[in-house]
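Chain naming follows the written order as A, B, C and D, and within any one chain the residues start at number 1.
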């Protein structure tokens, strides 16, 4: 089995089954697809997502610290740059266009659902090795890639076309492929090729599933500004 | 200002004002006071609290790692021992008496409200120094001390007398005083005696307040088995 | 293959071959065996070893943080206690008897050979998982057990009988067995039973060997007060 | 007092006095100045320095993780990129030109003096906050800047002109100024403007001085291939 974004991700996604479906087909997502998502919910989500990206970037920087090879360091540091220099700028831009100043954006009070997710990812990384961290990071990276691609094909409204285009776009999809390749080589290096035979597999899948469930809670928070 | 559990705690508690009140006077707490708390809610809470203590003990072990003096190491490692050897045993005992086997207890699925709290504390500790960690650890330790003492004086029912006696008891109160003393000396060592004048004060108070809010969510979770 | 102190240790010790021999049969050790080691060298070593134990205890506390099971937490926290409450007290006692006050002991300036070793162990633990940490911790724990036992059988002088008796004694040997058992179960849990087939094996052995080499440097430092 | 590379650095440098002088005027450095340094020593140093940069980049990535503001994250991540994408490439280039293949370079066995230094820096960062980490990172960054500038003015030989030009160059000097500015703002944010009055000052200066002493050992290692 080897999906679009690599084999380790494909296998973990399969294990996370219903949770993965709940996450990638959440009412919030479907609301972006057909344009029915209220603007206030979207902007509320975007501000929380900015705070999320601050900590998510820190978690990717931790992946550089936890790297064992030059290739791992390079792949992880490219992701940090993409997040800090590009994705966070995107949020700043959309928010400014919507009349939310950078100061207001930076001052956004972090919601509990948001905090739960990023602290879980960072702690998984601090307490474990690169695999534990990647298992916690993957659902966000690849889930958005999958959602972007599907919505790009299925959207019946262009209200959220910008958001969709970003995650369906070549650049973001390229990042997903790079992270998938990083995962596969990092897994091979530490547990061999037969991932599922590793005694660590269940725990890694659990970390992936928990992060997926925390994504569900994040969308849910998006619906309740 | 110097309360029962030391000066740093007293000042932070004051800053956390309403959140502190919501936490220490939560409906769950009042339900233990007058005995109206449903048993199912109590046992559900106790099982989650066991999972909580696993990670909370890890966080106190991190306080040993982050110590800069022999006295700090000793104080923190005594707390780890109290948690692992005593408090966790207490939960095992109460649960067994209630027909919940140790295996069932260990297999308790961690709720999101629970996970959010312990990962927040651990991450605060990993990313910061001992002060950041202590600011995140204090609300649980001292809040339970305060609740235990008050309920011991005000309880109108003996349904939850065991729980109350534990936290109102000399041993637990002694632990609270020890942690209070550790905080005061750790604060003096790193930011001097005028805590409030330190540029770090606001951030430390914010960490304390966030942990307090996560305690509120934890009680709330207790009410929804 | 399963030695005195467990299988994982026995296999790693075998891999570290010459380095292990250099460490456990170092001139410093042989000098304790026949009593020819100058007292000044011994006391100099003891003071450095006290500073070493401060950081080594912090590293064992990190093993509690990195534990995944209650049994791992218990085993690691018992070692922390043994180090902080007993082994460090022993050093304080011997030094006081030799006219080195506790203040003088605490003020010992850390030598580079000492610093190199403990920071290597702590960093291995922070950056990796429990296995990486245990591979770095084992040479000190078990090496001293092995040296103590051998010297207890072979010593031709009683000048260093106290030191030898401590490490040959039941209590210390029991600690070595406990750490060996912790290693074996932690390895089984994370890489299965066929340690040598794990892709991580070489790197873990390298960590063990590096720690062993840093032990050689530590004895060497002992000879040059 | 405010030197070329900011005030915090200037004050710490002053405190490290003789150690700083030993480091920046080491025989290895003077040998590059007058061209008397044997080529074998230089290449040996360069290979060790490559291994050093791997871990030093990880330590700068840790600075991103430990950042509390967007500005801190940006400054630290720019340094990571400079190290991974540029400075490490430079070493690869010089070594290749000298007949040392990339494979040989990557396979360089880490010397104890090298390991001691990077693990000290990483551990200071993991166990402390951003200030502890910056105090450990600064001597390398700014010391090379200072050495480059002085040698650029004083060199009596062009044998090592490339190396000197790199560290005396605008790009590297710009990086030193950026790190100096990051230090000053990070210090102000955490301990205020009167650095020397902070209870943390002595410990931070000690970290800086220890890193400086480890730089002296590193040059010394360079002289003994």
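Quick note on the criterion: a contact is a pair of C-beta atoms (placed from the backbone, for glycine too) under 8 Å apart; a residue touches a chain by one contact, two chains touch by 3 or more.
In this text, all values refer to a predicted model and were calculated from it rather than measured experimentally.
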Chain whose average C-alpha position is farthest from chain A's own: C
Interface residue identity across copies chain A, chain C - same or different by half: same
Approximate Å spacing (C-alpha centroids) for the pair chain A, chain D: 34
Centre distance in Å when chain B and chain D are each reduced to the mean of their C-alpha atoms: 42
Intercentroid distance (Cα basis), chain D paired with chain C, Å: 32
Where chain C touches two or more other chains at once, by residue number: 58, 65, 122, 126-127
Graph class of chain-chain contacts, one of line, ring, star, complete, other: complete
Contact footprint of chain C on chain A as seen in their complex: 65-66, 68, 126-129, 132, 188-192, 198-200, 203
Touching residues (chain side chain B, partner chain A) in the complex: 58, 112, 115-116, 119-120, 122-123, 126-127, 210, 213-214, 217
Of all residues in chain A, those that touch chain D in their complex: 54, 57-59, 61-62, 64-65, 67, 70, 73-74, 76-77, 80-81, 84, 88, 106, 122
